[in-house]
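These are the structures in question, set out in turn.
Here chain A shows up in two complexes: once beside chain B, once beside chain C.
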Partner chain A sequence: MPMKITNEPKDTTIIITLDGELDASSSVLLDEELSDPEIMKYSKILVDCKNLHYISSAGLGVFISHLQRFEDAQIKLIFFNMQEKVRNVFEILGLDLLMTIVSNYEEAITVSNE
Partner chain B sequence: MNNFIRVNCTKKNLKPIRDFVSGYLHGLSLSDILTNQIVLAVDEICANLIIHANHEDPTKFISLTIDLPKDMIRFEISDNGLAFKRSEYKEPDIGEHIKVGKKGGVGIALVNRIMDKVEFRSSDGRNTCLLYKKIK
Partner chain C sequence: MSLQKLSTVFRFMLYKTNAKSLLITTAIVSWALLLATVLFSAESARQAGVARVALPYVNNLLIIAFITATFLHQRLSADNLKGIDFIGYLWNLFSKAGVAAYLSVALYLSYRMVTGYANLQSPLLLHLVYLINFGLLVIFLAKAFYIWRQLLLYHKNKFLQIAWNWFELLLFGTLLLTLFNFDYTSYVFLPLLALLGFYILFLCTNLKWVAYLTFNNKSRSLVLLGAILLSCYIFARFFHQLANSRELIIDFTDVAFLPLAMVFVGAYTLAAFLVSLFSLPTSSVFEQKSEDLLNFQRLSQSIQQGQSEVQVYDMLFDSTIKAADASAAWFEQMRNSEPQVTHLLHIGSEQIQRIRHLLLAYNIHNIDYINNNLDRNPGFRELQLPWKSLIILPIKSKKNLFGVLYLLKDIEQGFDRETVNVLRTFTSQTILTIENLRLVKESLQNERYKEELKIATQVQESLIPKTFPVDSWFEISTHAVAAKEVGGDFYDFLQLSESRIAIIIGDVSGKGISAAFHMAQMKGIFHGLMQQDMPPSEFMKQANSALSRCLEKTSFITSSLYIIDYRMKGFVFARAGHCHTLYYNAMMDEVFYFQTEGLGLGIIRDKSYNNHVREMYYDYNPGDVMVIYTDGIVEGRSPANEEYGEDRLLYMLTQTYHLDAEDIKYAIINDLQDFTGPDNLYDDQTLLVIKFKTIQPNS
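Take a look at the complex of A and B:
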């Protein structure tokens, strides 16, 4: 199954939905999505991980490489609906402490408004 | 159970390798998290071999053999590309990666943290990576 990435802009928020597996082959699509200058228009990027079934270091690396740029621009990056096995991969590297991962959409909205 | 796969060096082959490893692990009744971790470790090594050791040259091949020594699972991944130099490897500082916007360099850290033993051997142009994980 190839990776499918969709986005849904809503005012100052953009929801990015990941569907599939983020590996060394497919993570380039995510990089293109996050490198789009348009994304800097938003103040909140919510990443729906419900259908993200797998992530490797290449996928993590894409998020790692954009994190500081978003922080500098005061853009909040929030992950939600993440499967336990995927969250575990973030945890192995301690990325769960450096990135914002919440349980569900409602919590993502709450945290994004803080 | 089939315990051997050989693929050429394109990134598109990472998915078939993961499916092969998942299929093998399926019979071992491991947890979802452990299964995913093991698949990830093998994927990371194969990605490094395909991309860095063999520069995604589709005329080159990597092979993977899985076996089950006592209470363990062992993966033997071989290629004829550039050998991994463990002496030059440094554990990544993730905070620093974030600061400078670095994309790569955390794969081997994942492998080291997931697996119980990781070995790299080279002789006569043939490189072998051995990954061991206790499963009982």
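Take a look at the complex of A and C:
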């Protein structure tokens, strides 16, 4: 299944929607999306994982490589609507302690405004 | 060649030689007999004073015998002529038969001189000369007839072959008229003569061989054809003059075969002469085309001949200059996307610089461009170049620009459509050749990479331990497969002391060569750090710090380290983002995953990592089973794209914990393969099953 990445800017927030499987080839697309200098204009990045069915180590690597940069720029990175299976991958790797993962959009908005 | 075949060929040659000598003998004998009878009748006629008391039937028979023998002999000889050396044919004809005419002229003139000088009439001498000339004529005709046949049938088709066979048959048929002493000039035979006339005209149109003569060859053939034509004329004139002569008792013009053969030979010679003459101006075009064709062929064959790109460009440069008849040219080859002039013709590098600057200013470099009137353009006029036309031909495929070819001519309208088409064909053929050459090179390179990858696989295999220390207090069984030639999974062990062993498992993110390198690095770190014997959490902290300096940004490593102390009957372990350890506790009779926290290595690259790794100590009981694995196991996919999952793995252990470590491993692997189906390996799979034993006699 090919990956579909869409973004929806809203004021200081940008919502990135991941649709499909984030494997070695599609993670290149995600890297391009996150490397875009435009993205540094926003203070909150919300990642909608509702239709993210699988994430490979390459996909995780992309988030990890940008993590420090966003933290330094005080940009909040929040994942929401994550499927159990995918969340498990984040948890095993210990990423749930580094990244903010919440159950739904409303919660994401609340957390981002804290 | 078999002996039998050899003997057949030999017999055939013998037969042919025999036939030839028989024919020559027949010809000589019949001519000598003819001479004898003619001289005898001439002498008797002179003495008797009665004109023409010849023996027509005997003479005619001898004439036919002579003609037939001579023609058949030439027919056999002409078969030896092969190949396309047409000038050789013509020379053969002229040197061996054409000169006969000049000989006959010389003979007749000397006869005239002798008789004129001595002022006497000698009918016998006249008859001798007449008969010798007859002999020469027949030889000339026979030779010419069959050499023309070879040329006429060049590039023949079936129809032409049949037409020729009938013509030959018809012509020889006219000998019958002579045999029965009919007068062929009577009206009865007019249709036959007309038919033969048209036949000859038709045959004279078959002159394909002329087209294959080059300009030089055509000039030479014109000379030879002229000489042969003159021979025809001499013979015709000689026999025509002496026709119906009262001094002669025999007249060879009465033999229908001879004038007909003469008409054919003469007409064909004339036709060949005229066609050669008129095609002379166009022959250079034909030559150019055939040379172009040859060059195309050479270009397309250069791959098979293993030529280099440089040689292909050499060929392109020479061929296009010839094809366009360019006065000056240069070729720029792209090297590291910088143009470099590699070929030059009649142009200085200073002129090239000026033209390039101008083209750059017009923004028309590296594109298809034709200017057939440079003087009309003010920019070019200013440069005061000695050329009037310019064409630029880039050698480029969709992806690459290989080079640019510039051709210049000193006339206006130098590059007409026809020439440009030929040039474009040359360049596209060159592009094809260059691309193919590169493909061949690339595939060789790939072959080499494959070889190197094979070595990498072997090296990596040697990094993974094949055997664990066999001990009485625990069993260990391992399984490891890589999805690609080299993988990112690894495991290793180190005996720390007599009663303690360290076991590590890990998974490098990504696959392929870079993962394999990191895996080797991890192995080095493991052996380096564990020499100092440190607790697992400390190991993870130091490993993270070591890896932070060399791992690329998007890479990370997950790992678990276990130190088992069988004297203490316990183990301590730390997990760095690696899959949870599956465990069977024999005392509680329960199967579970150790739920410990721990962040993967290389994710946080500073001291704060230290807060993210935990250590756990656990006492084991005899009969406990520990299953250590990588995500390739739990993320194995079924054809329906379902994951194998932790739950199924756990269930498998509840069913098999009572077995030996080896059997537990096989049970899990078999179940996994049933689940994923055959040949469905996406990720490296590593599985270690450790069973703590009941009996420990050593301790």
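Keep this in mind: the second predicted complex is superposed on the first by the 114 of 114 C-alpha atoms of A that agree within 3 Å, B and C clash if a C-alpha of one lies under 4 Å from a C-alpha of the other, contacts with A are read in each partner's own complex, and residues count from 1 in each chain.
One rule holds in what follows: a contact is a pair of C-beta atoms (placed from the backbone, for glycine too) under 8 Å apart; a residue touches a chain by one contact, two chains touch by 3 or more.
These numbers come from a predicted model, not from an experiment.
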{"item": "Chain B versus chain C as contact partner of A:Ser25, first or second or both or neither", "value": "first"}
{"item": "Contacts of A:Ser35 with chain B and chain C, given as first, second, both or neither", "value": "neither"}
{"item": "Which superposed partner A:Thr12 touches (first chain B, second chain C, both, neither)", "value": "neither"}
{"item": "Which superposed partner A:Leu98 touches (first chain B, second chain C, both, neither)", "value": "both"}
{"item": "Contacts of A:Thr110 with chain B and chain C, given as first, second, both or neither", "value": "neither"}
{"item": "Broader residue contact with chain A after superposition on the shared chain, chain B or chain C", "value": "B"}
{"item": "Partner chain(s) touched by A:Glu84 [first = chain B, second = chain C, both, neither]", "value": "first"}
{"item": "Common interface positions of chain A, toward chain B and toward chain C", "value": "24, 31, 57-58, 60-62, 64-65, 67-68, 85, 88, 92-95, 98"}
{"item": "Residues of chain A defined as touching chain C within the complex", "value": "24, 31, 57-58, 60-62, 64-65, 67-68, 85, 88, 92-95, 97-98"}
{"item": "Touch list for chain B against partner chain A, complex", "value": "11-12, 14-15, 18, 32-33, 35-37, 39-40, 43-44, 47, 50-51, 94-95, 97-107, 109-110, 113-114"}
{"item": "Chain A-touching residues of chain C, taken from the complex the two chains share", "value": "507, 509-511, 553-556, 558, 576-580, 597-600, 603-605, 612, 631, 643, 646"}
{"item": "Parts of chain A lying in touch with chain B, wherever the complex brings them together", "value": "21, 23-25, 31, 54, 56-58, 60-62, 64-69, 84-86, 88-89, 92-95, 98"}
